[in-house]
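First, the structure itself, so that you have it in front of you.
Note that the chains take the letters A, B, C and D in the order they are written out, and that residue 1 is the start of every chain.
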Amino acid sequence: MTDQRSDNRIQRRNFLKKAGGAGATVTLASFAGCAGGDDDGDGEGGDGDTETVASGGSETVQMEGFKVPAESVLPQSELDDAQAIPELSLIVNPPKAQPDDHETSMFVTKEIAKLGLDTTVETMTWPAQSSAVWDGTDWDMTFWQMVGRPSRLDPDEFSVQMGHSSFQEGYNYYFWEDDEYDQKVMAQREELDQATREQLMKECQQIFHDRGPSTFLMYPHKTIPWNSDRWEGVVELNGMGAANMLTFSQMEPMGDRKELNIAYDQQLQALNPFDQSGEIDMIQHRMIWDRLAWPDESALPQPRLAEEFNWKDETTLEVPIKQGHTFHDGEPVTAEDVKYSYDIHRNYSTYFSGPVEPVNEITVVDDHTVEFSFDYHFAPFPMAAMGRIAIIPKHKWTDIIENRMEVENPMLYQEDTPLGSGPMEFVHWRSSEEVRLERFDDHFDPIAYEARNSRIIPSVQTMLTQLENGTLDMLANYRGDKDVLKDRVEANDSLTMASTTTVGFKQISYNNDRPPFHIDGFRRAMNHRFDKETIVNDIYSGWGSIAPNTLVSSALKNWHNDELERYEFSLQAAANELVKAGFVWEESDGMLYMPADNTEVGN
Amino acid sequence: MGLKEFVTRRIIQIVVLYFAIATMLFFLFRAAPGDPLAAYIGTGFTQEQAAQIRATFGLDQPVHVQYWKYMTNLVTFNFGLSYITGDPVWGIIQDRIWNTLVLMGTSVILAYLIGVPIGAYLAWNRGTKRERFGVVFALISRSAPVFWTGLLGIWLFSFKLGWLPAGSMSQPGVTYTSKLAQFTSPDFLRHLILPALVQAFYFYSLPALLMRNSMLEVMNEDFVDFAELKGISDFSVMLKHAARNALLPIVTAFAVAAGFAVGGSVVLETVFAWPGLGREMVRAVISNDYPVAQATFLILAGLVLIANFLADLAYGYLDPRITYD
Amino acid sequence: MTLLEVNDLHVTYSGDPDVEAVRGVSFTLEKGETLGIVGESGCGKTTLAQAIMGALPDNGEITSGEIIFDGQDITHLSNRERRKIRWEKMSMISQSAMNSLDPVYRVKDQIKEAIQEHRDMSDKECYERSRELMELVGLDPDRIEDYPHQLSGGMRQRVIIAMSLALDPDLIIADEPTTALDVIIQEQILYRIKELQRELGNSMVMVTHDISVVAETCDSMVVMYGGELMESGNVDEIFNNAHHPYTLGLQNAFPSVEGEKRDLTSIPGSPPDLSNPPSGCPFATRCPFSAPECEEPLSTVEPVEGHQVRCHEPIPFEQIRNRSGKDETWLSQNQH
Amino acid sequence: MSEQNTTALDSEISTWRERQVDAWRRRIAFLKQEPMGLAGILMMSAIILVAIFAPVIAPYEPTETDYGNSLTPPNAEHPLGTDSAGRDIFSQLVYGARPALQIGLLSAISVAFVGMNVGLIAGYYGGYVDDVLMRLVDFAYGIPFTPFIIVLVALWEPSKWTIVGAIALLLWRQTARVVRSNVLNLKEKPFVKSARTIGASDRRIIYRHIAPNVLPLVFLYGSFAIAWAILTEASISYLGFGDPTAVTWGQMLQSAQQSQALARDAWWWFTMPGMAIMLTVISAFLIGRGYEEQLNPELQEK
């Protein structure tokens, strides 16, 4: 599964620096000229100079835009080469794939350079970036984004996989390591009591925030407009937005129009029970194949195909399933099918092999009861696995795996007509045009509308027009200009719109294994160089809420640590962090040098 | 050399060119930086899982083995697996060819149906104001970028007036029994009008101006005057003798027009969200899905080669003086 | 019975400046007779032929005079009426007959087109007629299946001749039919035309610059110079008793295929500029016998019944005829 | 070279030069009275002037954002209105002329140069050289143009040089084929045969005698290449493969379309760049068209 999917949204905000500090209107949070250029000193917007100079009373030296104690400024002769800081590069996708990310990178690198550093933006296509950052170590800073998924409504996945030091081969690609964090994040996993688990989670976030291994920019918003004259029962799920599984199973047609026409601007990648990649797949996936469990409005797992699920003891989970339920071809859904559906992910490497890893044995108790036994009490299992793994027809897939599959991985096999037991049946898939599903009438929780047409429409303008003229009922993702959407929705009373903060995030992470990023103080200084208001409100035109440095999105109200005190966007504060960490500046050219005693990782 | 030898020779030539282009593409895409499978493998897999998936795509073998496998697969229309979805590429793009052919075919034929008579009319009114205006207007129509006229067309006919749909090939939720049923359904034709007209408007100037020039040349020929002497009406002289002879160079130009139209599908299909080869190629290139990009490019090239071949054949048929030497 | 009567015909080409190519020509052609129109290039003979056929180029126009054909005034016919008589009653073999055939149609189709335009004959009948015509002009009938590029120049010429006979028209106008061919083929074509003319009895207008061609094929003849008529009348009468110095000069300039061998003397100088034509006799500038009165406008003299001459006769015709036989008359011309 | 030869050579050169000068004078004279060609030349020179004096003409910096008055319709301050970032459209158009002409002219030169040489060599030498080059032309003809550019831009860097490079790689095919067929019959002409008999080298014959006769044709296809290059830059930018940092008409259209200019009735933002492209392309076509009239006697006014 990849999160940095090079989202083929060709959107671009042409937002280039404004020459000089001339009167900026209120909306524009003006930001300073480039490093070498005509810097207008303290007059910058956010950079208040109220910050006291951490110098312990000795007289200070005025650098460009900040003051430092005299002893922190040395002539070239007293500095040795080991202390020199090479040019720091920030990797980002090319503008054609991610125009706003590229724009932000250009803006941020200029800000960081003001501390006396050489910075550059290195554009790489997604494959190049992923092999450089993922598999390699030869990088300084990189732009990164993770997309909100139902499984991530439980903070465990991000906090562990991107925080725990043992995952440095996987998601923790920026080599972040903190023993206290490791201990606490694993403790919360096995914690039975919800309140203690939340407290542990907040402490982890505080550690992460203080040591600042990366800088979080924003939690993107998901804005969904729909035709409220024709449809009711739309659920705005926190962290996911209005287009989620609950909405599509509970919404009801009010008028005579019984078919839901919904537009996406992304291609449908695949309709395979074991692979859940793009956004559009997720919804079709959940409509065609049932799951044992289902997240409710507060993102806690509720029984779905399972009648209920309860921990018989620390490591065994008994799951009775609904009786008399059939697949779309009429075959009954049995415990055999459930066991088979989970065993596949243990035998082959698929999208869901991770969550089932702690399971050591699945036993069929009787025709409609299954028992999972674990190596250790794995609290997130209901959400991470039971809420995600598709229940597939054993009678069809045994035949496919034995003799139909040319490639050794079921994830790569595409059924002509995907067969599941979910609330909707597959009708047709005209790639890059439309996917049509129709209601499966004898489902245990039948939906109120007859069919669902997912249209793939790349042009934002066409989407809007068709929403207004009634051809479409809902837009699953709208990446156009926010004000245009707002005007249109206000002008048309049959349309309503919901904008929700998601659990995904955009961040810039530092290679913690590479000088000077191995020094906490340097990373904290970096964090002081981000003018998040301008980035989120102007470059991303308000399509997200500003993020403090934590993996847990503000959308997850009960998990998010509200007391995190954001890094102030201030050149002086950054300089103070550097002084405290022992960094020095060269007298003549003002370039920053590492502390003499701390130029290597680990000493 | 008879027709048979000419046809076989040309078919061999097309096959050789096709594989030459395929080779160029193979090495061109190999030159791209980064691990092409990153988009697919992503972060969910451990190293050896990733290696195993690379093997399924055949990317672990040495280049020459890959090249040989790639070329032999081409013969059976097996273009490998998409790096994004892992599905066989041929499955993805197979019916796209029809969508592109229908759109490109209609627009080029429309361009000719409009262009050739206009060209003849311009030649027949040589020297008048109308002729000068006609020529300048033809040049103007060819100097506006297709996507610009397309977008304006959508804005006017779809957003403002609401007469025509704003792109894509069909209304939501419609199911067709066969491609043919789809292409003849009124709903499809309504979706076809705007894109075809926009492209035809861009292309009509090619046959129009060519026809004008060649008509002027033909009208100076003695056999045209002689036909008039035979007492035949001006109109049928223009049609039977002048236009018939003037058509010859226009036929070869059909191949050039078809070539550019097929190439232009990339832009036109993106503007009109037309699920054809062109749009698929743009998507594939942006998302670094090289096998799909390669396959769509190759099929487009194939269409161009075939168009050239058909034009030569038609030319031979139309002009008895050609002896296929 | 006169088939064709041309009275004081004037034809002008509009342009910058306007050129009056034919300046008052009159003659008559009896039915079944062949009239030769002879003169140097640029003397207006082709324009005259085109005017009769109604095939003047766009900028050419009959400014005055009239053409009566078979009793009908065809000077200014509407396009539709003109098309009715074209090929039906009057056909033409043009100088560029070699590429008058449309390259993309077979010979038989082009003949059929001409026939079916005027007669509703079935394809079968046209096919037979075409084969018949090919034999008439001495071509292998099977060749009607060929395309024009598969025939030689001479053969294409004969196909045009065959086509001109297709509807058995009253008048055939042949405008320099053989100029573009080599001498041997020329001889065959002329012999063929002569034979057909005698056999089928159509009357013909033979336009040529070669006076010997007129001698062989025509009954009466007209000598043109500078857009005007110099001498006209019966062929034998003019050959034996030419009066006009220009006609005599012409006879010296062309070898007669049958006549005795003699070296040729050409007429020095070049034809007049018809954009500002001379007032009097157009030939005055080059005529060895020219005298002041030649500047006066010409009038028609008829020394022998039916033999007209337009010349001021500065010296008696007798002397003109004797002295024009000697070379130095023409050569001495250049001194003054 | 003996004394005697050099003077002969000098005289030859001077006569050749005179011939060239008067050939060009004739062409210019002809173009003067050929209205379309004349209009084309006037428009193109106007655009070139605008490109050269862009800094003087443009009232604002093209990239100067001014969020205060974004999306204002044409007014006194901004003659052609502003875009969503408050940048002046008129200044962008003026500055946009530079890359357009750079791409256009460079493409024309490369297409003309490559095409002419391939055509000359193939036509003159014939035999297997001709076959090889013509198969190369067929190969180039087999490649669909716009897709090829997209692949190159995606793999190389998205910049105007990539577009020029791609055009140079492909568009010479038409010129080569036309020049070759022209050389085939020029080769038979007496002046070439006589040049060969006096012992002139192949290179001299090709470039001294044959090339000048082919130049008008090459010039004609060069003007079409200008038009084609500018259109391509616009389409490439529209598809998102353009260089975003560059101020080009294509990029303006792309950002206009991206920020839904038409939906917000900012018609000026969307139409002006299109007009600029059309004007430049038409002027190239008109020059080409005017030239073609001169080249092709049949097309003369009858």
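In the analysis below, contacts are C-beta pairs under 8 Å (C-beta built on N, C-alpha and C of every residue); 3 or more make two chains touch, one makes a residue touch a chain.
Source: prediction; values computed, not measured.
Considering the contact criterion stated above, the chains in touch with chain C and with chain D alike are B. The most centrally placed chain, judged by C-alpha centroids, is B. Annotation: B-D is the more contact-rich of the chain pairs A-D and B-D, by number of C-beta pairs in contact. As a whole-number value, the distance joining the C-alpha centres of chain A and chain D reads 48 Å. Per-chain CA centroids place chain B at a distance of 24 Å from chain D.
Rounded to whole angstrom, the centroid-to-centroid distance between chain B and chain C, based on C-alpha atoms, equals 57 Å.
Averaged C-alpha coordinates put the centre of chain A at 41 Å from the centre of chain B.
Of all residues in chain A, those touching 2 or more other chains are 10, 96, 461, listed in ascending order. For chain D, residues touching at least two other chains, in rising order: 239-240, 257, 262-263, 302. Across the assembly, chain C contributes no residue that touches 2 or more other chains. Here the chains touching each other pair up as A-B, A-D, B-C, B-D. Interface residues of chain A facing chain B in the complex, by the touch rule stated above, are 1-6, 8, 10, 96-97, 124-132, 134-135, 169-171, 173, 259, 261, 267, 269-270, 275, 349, 351, 353-354, 407-409, 411-412, 414, 427-428, 430-434, 436, 451, 453, 455-459, 461-462, 465-466, 469, 471-472. On the side of chain B, the complex with chain D involves touching residues 13, 17-18, 20-21, 25, 28-29, 31-32, 126-127, 132, 135-136, 139-140, 142-148, 151-152, 155, 159, 213, 216-217, 220, 256, 259-260, 262-264, 266-267, 270, 278, 281-282, 285-286, 293, 296-297, 300-301, 304-305, 308. Within the complex formed with chain B, the chain D residues making contact are 35-36, 135, 138-139, 141-148, 150-151, 154-155, 174, 227, 231, 234-235, 238-240, 253, 257, 262-263, 270-271, 274, 277-278, 281-282, 285-286, 289, 292, 296, 298-299, 301-302. Across the complex, chain D is touched by residues 10-16, 18-19, 25, 27-28, 94-96, 99, 102, 460-461, 464, 480-481, 484 of chain A. Interface residues of chain B, counted against chain C in their complex, comprise 221-223, 225-234, 240-241, 244-245, 248, 318-321.
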